[in-house]
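The first chain written gets the first letter, and so on, giving A, B, C, D, E and F; residue counts start at 1 in each chain.
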Amino acid sequence: MSGYEMGVVHRKVERADPAAVQRLSAFGVATVHEAMGRVGLMKPYMRPIYPGAHLCGTAVTVLLHPGDNWMMHVVAEQLQPGDVVVAAVTADCTDGFFGDLLATSFRARGACGLVIDAGVRDVKDLTAMGFPVFSKTISAKGTVKATLGSVNVPVICAGAIVNPGDVVIADDDGVVVVPAAQAAKAADASAEREANEAEKRARLAAGELGLDMYKMREALAKAGLKYVD
Amino acid sequence: MSGYEMGVVHRKVERADPAAVQRLSAFGVATVHEAMGRVGLMKPYMRPIYPGAHLCGTAVTVLLHPGDNWMMHVVAEQLQPGDVVVAAVTADCTDGFFGDLLATSFRARGACGLVIDAGVRDVKDLTAMGFPVFSKTISAKGTVKATLGSVNVPVICAGAIVNPGDVVIADDDGVVVVPAAQAAKAADASAEREANEAEKRARLAAGELGLDMYKMREALAKAGLKYVD
Amino acid sequence: MSGYEMGVVHRKVERADPAAVQRLSAFGVATVHEAMGRVGLMKPYMRPIYPGAHLCGTAVTVLLHPGDNWMMHVVAEQLQPGDVVVAAVTADCTDGFFGDLLATSFRARGACGLVIDAGVRDVKDLTAMGFPVFSKTISAKGTVKATLGSVNVPVICAGAIVNPGDVVIADDDGVVVVPAAQAAKAADASAEREANEAEKRARLAAGELGLDMYKMREALAKAGLKYVD
Amino acid sequence: MSGYEMGVVHRKVERADPAAVQRLSAFGVATVHEAMGRVGLMKPYMRPIYPGAHLCGTAVTVLLHPGDNWMMHVVAEQLQPGDVVVAAVTADCTDGFFGDLLATSFRARGACGLVIDAGVRDVKDLTAMGFPVFSKTISAKGTVKATLGSVNVPVICAGAIVNPGDVVIADDDGVVVVPAAQAAKAADASAEREANEAEKRARLAAGELGLDMYKMREALAKAGLKYVD
Amino acid sequence: MSGYEMGVVHRKVERADPAAVQRLSAFGVATVHEAMGRVGLMKPYMRPIYPGAHLCGTAVTVLLHPGDNWMMHVVAEQLQPGDVVVAAVTADCTDGFFGDLLATSFRARGACGLVIDAGVRDVKDLTAMGFPVFSKTISAKGTVKATLGSVNVPVICAGAIVNPGDVVIADDDGVVVVPAAQAAKAADASAEREANEAEKRARLAAGELGLDMYKMREALAKAGLKYVD
Amino acid sequence: MSGYEMGVVHRKVERADPAAVQRLSAFGVATVHEAMGRVGLMKPYMRPIYPGAHLCGTAVTVLLHPGDNWMMHVVAEQLQPGDVVVAAVTADCTDGFFGDLLATSFRARGACGLVIDAGVRDVKDLTAMGFPVFSKTISAKGTVKATLGSVNVPVICAGAIVNPGDVVIADDDGVVVVPAAQAAKAADASAEREANEAEKRARLAAGELGLDMYKMREALAKAGLKYVD
């Protein structure tokens, strides 16, 4: 049966090119999302657990069942430096699947953060550690360790497909996923976009209107815009 | 760039085997979902617009932008008898992207229903037509026809991946997606499960307890369950 | 102070022209909303308490406080045959402000329904009475009678401005408000639109594509739409 | 530790007096809730899975974990004719914990319905069976059988405390809980209230205003209500 | 047709008296809202994008369509120093309609902030700029520029009517709108209220009870309050 | 009638042992919740009004009606040093029931914070005062003083039962309630758990896997977990 596999850990992950990941880490989520052609954004309910949290790394995915975080310990073993754990749940759940002990373990294995479509806890400790987490909920409620999910299968997290090895970038604006094979291209496009923006910003700051800078007046008039005094 | 392609219509769709689709149409969503190993279910906010609506067909997908249903007319041309239109939107939107005129057109082209992660309108007419629709919202608000989306690209609809040609089954319990290549296997598994259930139902109706029928007592005792009088 | 006045009952209401209201009652909410230029629609969380409920009448407005339905008795006295009570609350509240006794009273005064941005109860009785109600919530929780609101002031109900005397139309697609002064014009535009739709429906039912009927192909091509085989 | 006990089944339940339950079954939820002094109402997100579903019986409670319905089989054994199963979950979860097989079993044991602060499935079958269920969600997603909850402990279900043996009444207006010891008193108060309402209804139907019937005019004037022509 | 006009830019705005705006800027939202008689408050889902954001200025309104921010460039040209842009959307949408480039342009034109019933992005940059924004959502998802809305028409933003020229005040407690004609009166009432509060605060800080300070004991007793030891 | 009593103030509260409260104040919510066996947690929508807010004290409860904070003044008189006010409302309401004046009064009476299943206002002032508040909403909208609730009755606040005198602990992870009689035991269990965690943290930080530390490998293999290269 295709779709989600249950009870399987894929050890091999084709991670995105480290150089491209490094270059992508310089850009914000909004820039990368635009550069990608507006694809791969998670739903806006995914928020950082502390202001300013940000991360950029390669996805190691984990599929959990509601109320059960057993696989979080399994995924820890599969982590390599620079990885981001992306956790999906088979149904909506607000439990706190993750706290400071798992963060300590993930960090010791080299992980640079967590993106989870569920709840987390120990926010104070995670903040003190500077361990970036993007989640749907914050909840002190713990979970059991009773049923198998999977590790490194494709998952849908907060409305976005994440394949193991994809680049995941998250900041105050949300979370975006760049397919591994597109990482270099996305970095190029982001750099181009940002260069582009610097000049625009200067012109706008000087008082030039977007109407003129983007030459919108004609199109607006053609669309029928009327000015009334 | 991978992910969603914008402005593209794929004319060729590898539809699931019609015989398998026909067999799957005999089963409810809960049965198929269980038979599949609990994969491919859309979020439970997807509801029929009238009680008893149900559908089973092959997915023709359409990716829309918020407030814009232009591609709904494009997708109509790609429909074949037995298809179900699966519509995703690039961001949350409650607009009514679909009403009785489009339903008339879709039906004329052979479509057997619509699954849309957004709003629809003309509910009274659609109900009178017996045209099954599963949606997130009902809204009289119409849309514009200004920006390109795509047709027959993979989409994420209400949390589930839908590839063109997949089987989509929907009833009062929700909406489930069966990958085209797995349709026959899912039909087999569903049939087996249902046969299985008939016997169980009879035993339970006769007063036998699930505790005994499923032989749970030992496992419960081992897990520590205590009875107090 | 402008905005909401508290503790005031306006006895005089300039109701929309009865002939125009009568004509509007023949059209659905989606038709009128389109005919109006897509203005005046309430948020889609407003739903009928029973399938098929519909109403069309002139608004008598009432502004309530959370948990307090005292003014519902005050508004009853201001009702005339053909009126619809439109109830707004000064803050979000799910209480059941209205039940079968008030419905009996409203009906005795000639009212043809209720639109309320809050909760109602006695759904079974209201359904048996055929008294159409569109609400945000259903809740058995009653209210107190302790604080003054107002009657026949402009209110914002579920995101739409309603002035006393406006035409309110509601059906399975939602609730729309037509300013009293525009009632005749809206009826004309609705009739025109509906006539228009009959012909379109026939052509679409015959298998003609919207792409051709609306002559969209050129615009789509110009926007860059690509077909891939 | 008090609060919820885990892994315990209480076999003894002090059920409310059957005669009082019988009498209460004649009243609607809104009436009983008012008669009780407006206590014991569940949150309004609890809805019947089919219009017109209603139930009145004695609570047998079950406490579940997210995604795990093992205890549903345990609770079945504790049911007696006239019981209603009230299911709470230790954290928000939309899974379908209950379907037609469990309904068959519950009914065979004499249960008259289910109230569950989570999801259910097999809505079509449950509707055909006429087995009343009030739930937060409808979802085809099944659950595992891996962790112990409890049976017949006090639970909080949709914001209301339910003790085993309490009377639970549910209809289109929601779900209300009457403590077992208060059942007779609540029935008396409901009867009195309903008698009272019949006369009021007649007077209101005849056109008398609530303003006069409830003698509100003086209090309104004292509160400062002003009429403007 | 009244209601929203589409495709129109009103250049003339009767802005509230600058002196009154200046005086109002000294007060918090809760104070002004109370002073106004509790009118004009937006829904509480409107939140600052960074803690401590606050603004007070005259409204320049813009009406947008879902997923389309074309009019944001049009509104920029209409800004004068001290203005606040108030953006409404014709249907619920979470897209990011606004980011640091538009903020740069708005600020260059003299605007002191934005209130938008939708999403924004570039939160980090906006925070660094100290450009106050109050929004429903944060989302990196951009918008198209394809359809006309309007500028300086009355809009409903998060449940409140905003007319061009009205005073808009926003802080950690939410967003309130003061009609232009009432600005001076609202400032007077706010000042009076605040003076009043200083004395009350001192008395309460000294341990005096509100029960005594507000002389509530008699009214509570009359209402039937009972003390039990 | 049992359940909520209305119009009653219980002056006598059996507060938890001060020494136990003092000891509990050293632990976080997640630790105490685990130590308690995962009981007594409020819903995760309860959030601190400023980051880092935390409190630990004995509950003095107040039951309010929607839109009415009269009883907040009554509860103030019942406060003793070390108390936390826990406020429930008889139906969902977002109004701001509490602001800086009440905070001043509560603090003057010795209260160390507020937990309220509704809205509060004056967030800036409360933050400056360092008065910890955990609420469902922030709203500038004030309330009336017209109807009686109760003080020191058992209440359900955000899904948790709170009895007067219970210990309430709140921090960035949420709000948990410890029954008064269990305070010492919960403090013991929390201390034990925390001691336990220090060692685990060190081992995980050193790179040891939870899989090994918790000896999970055998159970996972037995459950069927497969590794794929």
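In this text, a contact is a pair of C-beta atoms (placed from the backbone, for glycine too) under 8 Å apart; a residue touches a chain by one contact, two chains touch by 3 or more.
If you're wondering where the values come from, they're calculated on a predicted model, not measured in any experiment.
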Other chains in touch with both subunit C and subunit D: B, F
B-E, C-D or A-B - pair sharing over half of the D-F contact pairs: A-B
Turn needed to bring subunit A onto subunit B - CA fit, degrees, nearest 5: 180
Self-contact between copies subunit C and subunit E, residue sets same or different by half: same
Chain centre separation (subunit A, subunit F; CA means) in Å: 31
Whole-Å gap separating subunit D and subunit E, where each centre is the average of the chain's CA atoms: 41
Touching two or more other chains - residue numbers and ranges from subunit F: 38, 51, 90, 92, 94, 139, 141, 147
Interchain contacts, given as pairs of chains that touch: A-B, A-D, A-E, A-F, B-C, B-D, B-E, C-D, C-E, C-F, D-F, E-F
Interfacial residue positions of subunit A with respect to subunit B in the complex: 1-4, 6, 36-40, 43, 90, 92, 156, 159-161, 179, 181-182, 185-186, 189
Of all residues in subunit A, those that touch subunit F in their complex: 7-12, 50-51, 70, 72-74, 76-77, 94, 96, 99-102, 104-105, 107-109, 119, 121-125, 127, 137-142, 145, 147-148
Subunit E to subunit F touching residues, read off their complex: 28-30, 33-34, 38, 41, 44, 47, 51-52, 171-174, 176, 197, 200-201, 204-207, 209-211, 214, 216, 220, 223-229
Of subunit C, residues touching subunit F in the complex: 65-68, 90-95, 139, 141, 144, 146-147
